[in-house]
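Please go over the structures that come below.
Look for chain A in each of the two complexes below; its partner is chain B in the first and chain C in the second.
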Partner chain A sequence: MSKGSLSKLIETLSERLLTERREYLATLIETSSSLILALLAGGIVLAVLGYDPLNVYNILFRYGFGNITYLLDKSTPLMMTGLAFAIPLIAGLFNIGGESQLYIGAFIALLAAYYTHSHVIGILAGTIAGGLLGAFIGILRVYRGINEVISSIMVNWIFFYLIIYLISGVYYNPERPHESIPIPKDARIYPISNISVIFAIAVLASILYYIILFHTDIGYKMRVTGLSTASAKYAGFNPDLSMIYSMLLGGAAAGLGGALLVLGMTYSIDDMLSAVYGLGFTGIGIGLLGRLHPIGIILASIFFSGLLIGGQWVELKTGAPPELADTLIGVIVIALAIPYVYKLLVSRLIQRRVIE
Partner chain B sequence: MIEDIINIISNTLISMVPLTLASVGEVITEKSGIVNIGLEGIFILSAFTSTIVTFHTADPYLGLISGIIIGFLSGLLHGVISIYLKGDQIIAGVGFNSLAYGVSLLSLVAIWRSHGSSPTVAKIPVILIPIGGYTKLSIPPLSIIAIIVGIAAWWWLYKTPSGLKIRACGEDPRSAEAMGVNVYSTRLYATLIGSTLTGLGGAYLVVGWIGQFTKFISAGRGFIALANVAFSNWNPLYALMGGVFFGFFDAISIYIPIKLQQTTGQVFTAEASLFRIIPYLTTLIVVGIIMKKVRMPRALGKPYIKE
Partner chain C sequence: MLPEPIIEMENIIKIYPDGVVALKGVDLTIWKGEIHAILGENGAGKTTLMRILYGEIKPTSGAIKINGEEVDFHGPWDAIKRGIGMVYQHFTLIPTFTVLENLHLSLLALDESIKAEDVETLTRRLMDELGLKIPLYDVVEDLPIGVQQRVEIIKTLLRKANILILDEPTSVLTPIEVEELFKMLRKLKKLGITIIFITHKLREVKAISDRVTIMRRGKVVATLYTSKVSEEELARLTVDIDLTSKPKIRGGIRGRRILSINDLWVRDERGLDAVKGVSLELYEGEILGLAGVQGNGQKELIEAIVGIRRAYRGSIKYLDQDITSLSVGDRYKLGISYVPDSRNIGLVYGMNLTENSILTNLHNYLSGIRVINWSEAYRTADKIVREYNVVAPSLRSPIQYLSGGNQQKVMVGREATREPKVFIVSEPTHGLDVRATRFIRNMLVKLRDLGKSILLVSTDLDEIMELSNRIAVIYGGRIMSVGDKNEYTIKKLGLLMGGIHEQRITK
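Take a look at the complex of A and B:
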């Protein structure tokens, strides 16, 4: 090897290291500054409303992460709705419909488990139902040109009221008002010696999604589609199909989340849907905070689960409502919408170091 | 029968106001190339603020003004993020919706110790026009303003030089810049106008319509307004018609179950939920039929970066 090409090799390698380090640094700065911003903004809101922010945060973090089994249980549906948002976004679609995809997954799993007494059939039925609803939104986008954000929200409200009707009017529990028929005892999923089984299933699903995304043909096509539909066409495959697949996979994740929730935690659904409401929207923040990466989403879902549990404790101890979590999530999401700022920040930081 | 028709027209005039104001505003915003998906959040936040202001001053007009201010400030936030910081407009909007909901609900509990709704507040009186014997057609003053806003926005966008500048920023910002248009400031004031009108609509939800703040006060109307923007093919006049059209379905979804209860004497509890599906289902179907035929501004949603 000649001297020239060797120095060239070293040059490209160091350049690559620099860009890689730059990316990691940007990710680190983005994630941590969005969290800090959220806690600051939440603190200001709390102080304005007359609560002591330090006390609230103290309770939030101490109790939120205290009970590990509950923490992991609660993170299970969140992990799935996080994936439901992330997978379509990788292919370029904003799936705000994790909400209804989770409702239908929970409801269909409930019915399937009620009639068959099998949790396996419940899980499969819920997953398929969520996937089909997701694919429906993808098909509307591809073949009818309807913006998926608008159709997702409309579908969310349609299924919100439809399932309220079905639970309060058709599949209600005669012995317990305001509740649906229960999951039979033999179809429930219990933790095995304090290890959350539903969490384990969700983690396995996340790993499966990781493999699909980064080690299969279809995952590759989805990623290319998300970067540019023109290059997808140029590479000789149909970006429309990849978009629909991404919505199918995303919806299936939310459906699985709903199924695991109802089979392993709530065992029934109340007629105001308070057990399932909001989990899909929270998934948006989780998908973004987890950097649209299945493994990152596992961590983000545990963090958000702690926030939500801590929020309930805060309500119990100080009277501040649990919607604190929505406020924090909102600021996190807004802060993550402006990567340009962080990139600017990072390039400034690196430039300065190079000069030194 | 005539009574029902007049009632439905009255209810449609009530429910068209927030949809029309937000849709026409969003048409102006999107014509400049900025998409603001946070209309729902602006509705919720301005509705809540106007409730507080009206509750303490007993003056619903001050409530309206506070809603306008909240709309303006929300637009400023979205404008700075999407124009100057080149953020992702969809993600910023989604985040804003969550933030607005969180802050409003937090404050609702902190101020009134309630998880569902605020106390009732003073409302703006409606114009009553007697027709025939017993029934009166009620016209909310803001419905007239909404109609004027729709027509004025059309005239402004299509018949004036400054309207042309806005459209240029949404179609081809680089050429607009070359023609001497300041793309950043044009996009910012288009965003501010849109969000301010939406803020007015949000305040109206409380002081012109419901009379109190409730958790589900907006109930997806911000997104129906967004759907209406696409439905209107980004034309304020069609957005005005769409506002009346979607307002009509909003009105009958509330009116039919009440009417059925009165005539049959039956109490619908579970079935009432089914009627609430009407506006969302119609929106989905109508947009599905029409969407292939519309054309959105070419540079919509894309950050403009000066060279």
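Take a look at the complex of A and C:
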């Protein structure tokens, strides 16, 4: 790179920082003040319940963010379900179905890896399965006018019981009947010298989503659709198609999350689905915490899993009930997300009222 | 008997936070028991004035007296207590509730303990008094619009309103429903209720009102007895005839016929015919002004030309190609462009200036694998900013941070930079200050001189007269008249826009 173009690059970057500094600054102030408020609110809850807030926070953050490999492993499926919620919302849809899209991704990846002994095929199969399930909900919304929240919730339960049936009745492990058939050893994904490979794959996927959103016509059309359907129609885009794409991409993210989880962490699914249950719902919080931005979601998922891990240590060390840690995490996440979610809901609801 | 004033509004000024002056010192006196029409074009300030009277917005300065007593409203609830009721153009009923449930709901705001049976008795008594019937147990959304409007009026009367404000009540009604409404209003007048009737239709003013106040650009032009003015005089007073800047129309070299619309029929959102058999032709190197009062089918017509809306009958030809069934994108690619009347549609709030400058031309910024070439997009945005004097902090500024005039320049500039052959612009200078207006109008003339075809849709007759080579007038979804600009005067346009046929004018 020549000296001229380098200085030009610096110039544009600094110009960008200057012109957008108001927004960056606002976001920074908003986030840090929310975090302080969140910790204060959580501290009050702890103090009222008779725990020492400083001690609890010390355990929460020290142990939560202590084991990096575990932390990143744990944040992998959450990052993906965060995207599964965020991408459709960018196009204006509430995808509550990250849950079932993750189940199906995990289960199909398990079957594919079991029969082919290939993690690559497992990942692809899981991703496609999640994407198709997401697209199905999008298609119902667009062509049948079925509210995606309602169909998502119903589909979640259908797949919850269907997969429990399949694992306990068909694909169970004869040696351990409460578990599914395992991922063959040669298809498992292991960390390479303590670096979480599944996390790296998830980060790559997030970057890919970032590129799709901000550097391709598909993403551009989805964003226009989410901000204003009338503008999308005016520009000659098909808002219906954008919505279906967003659900396809969102579902694929959750499916990938499920595949990575089963191929790289659990290696099988138990017949109560306790390994996969709830990850999709948690993704809603991650998506909002990450401000619907793929890069923000990477950070949010790490932060959130740190809290989850630390929360378990709090239970262990202080003898507090698990609900305490959950409450604390809930308070922190809500306080962090509230300003953004409020703005988002107001604008999206107004937009929806205008169309319908 | 001397008339007794019931409402006196004195020197009302309203300046919005963004600096737009909506009302420039308005005086209005309404007499007890009269039907008082308020007439004016869009943006004259009629609705703003009424919303101030209804307590919905606060005036910047000025006084309001009701029955001689000065009032200070903090919200519509204060106005309701004073006996003022308002019926909006868009109804405020809950569509899935029955009529009775809606009425009950509105009364609950005044009396929390009121029972459904009480509401029913009250309503039946009121309906007997008025001699009209509405089905109390029907769900609102199943009722015709005219009946829904009656429910709205009953609603305000149940709240003991003796001053009724109707905001463009006929704009949603069919002609028969309008007759029914007028019958009802006359009956209300007999019962001593004062009615304020906002409209921009001359004929309605003549048909229903006792007195009329004419507003123009935030000022009252005159208050007159309706029986003492003719429709022509009303038209002249309504339309600004202060044409200080004379139109500078060079003949324009009319070229090939580029667009021909033949017997086009288009429906609106409610499934009613909005465009009823329109035929129009557009030539290269001309500006065809389409004049009409808002809501007479202009929007549906241009949306059908652009392809956003389907025409269910008729055809649109571009040069020799039938484009009636082409998609919006394909029509844009052929060389049609469209600047909508609302920046809310033509721009995407939440996206930045650069993102907005490729909205209608996205396919030109894609490389092989559907990746957007942002540096190219920045070049375009930069070009628009420089050529159209857009004042913006940076090319990455969110579009909503720009002023209205600059937003408009971005939107118009984007379409012009695409170098289209056909340029459809709707209200291109609506809400802009003098300088931005001048700029945009000059730009349209420049494009015309370059041989582009421009279809200018505007409710601003000055604009139509200043810019057009030919003029078409639309009323009720039909073209009332098409002809050379010289054949029209502002007065004649005003009458045509009000639905009065040429034969009657010449008589």
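Everything that follows uses one rule, which is that the second predicted complex is superposed on the first by the 267 of 356 C-alpha atoms of A that agree within 3 Å, B and C clash if a C-alpha of one lies under 4 Å from a C-alpha of the other, contacts with A are read in each partner's own complex, and residues count from 1 in each chain.
The rule we apply is simple: a contact is a pair of C-beta atoms (placed from the backbone, for glycine too) under 8 Å apart; a residue touches a chain by one contact, two chains touch by 3 or more.
Since we're looking at a predicted model, the values are computed, not measured.
*Asks:* Touch test for A:236: chain B only (first), chain C only (second), both, or neither?
*Replies:* Once the two structures are laid over each other on A, A:236 reaches chain C alone.
*Asks:* I'd like to know which partner A:227 touches here: chain B for first, chain C for second, both or neither.
*Replies:* second
*Asks:* Could you let me know whether more residues of chain A are touched by chain B or by chain C?
*Replies:* The larger set of chain A residues in touch belongs to B.
*Asks:* Check whether A:217 is in contact with chain B, with chain C, with both or with neither, and answer first, second, both or neither.
*Replies:* second
*Asks:* For A:177, using the defined touch cut-off, is the partner it touches chain B, chain C, both, or neither? Pick first, second, both or neither.
*Replies:* neither
*Asks:* Common interface residues of chain A with chain B and chain C?
*Replies:* none
*Asks:* Going by the contact rule set out above, which residues of chain C touch chain A in the complex?
*Replies:* Those residues of chain C that touch chain A are 307-308, 327-332, 338, 340, 344-351, 355, 359-360, 362-363, 366, 369-372, 374, 393-394, 396-397.
*Asks:* Report the residues of chain A in contact with chain B in the complex, numbered from low to high.
*Replies:* Per the touch definition, chain A meets chain B at residues 45-46, 49-51, 94, 96, 140, 144-147, 149-151, 153-158, 161-162, 164-165, 168-170, 281, 284-285, 288, 319-321, 323-341.
*Asks:* Of all residues in chain A, which touch chain C in the complex?
*Replies:* Of all residues in chain A, those touching chain C are 15-16, 19-20, 211, 215-218, 220-221, 223-224, 227-228, 230-231, 233-237, 347.
*Asks:* Which residues of chain B touch chain A in their complex?
*Replies:* Residue positions touching the partner: 37, 81, 85-92, 94-103, 105-111, 113, 115, 219-220, 223-224, 226-227, 230, 269-271, 273-274, 276-277, 280-281, 283-284, 287-288, 291-292, 303.
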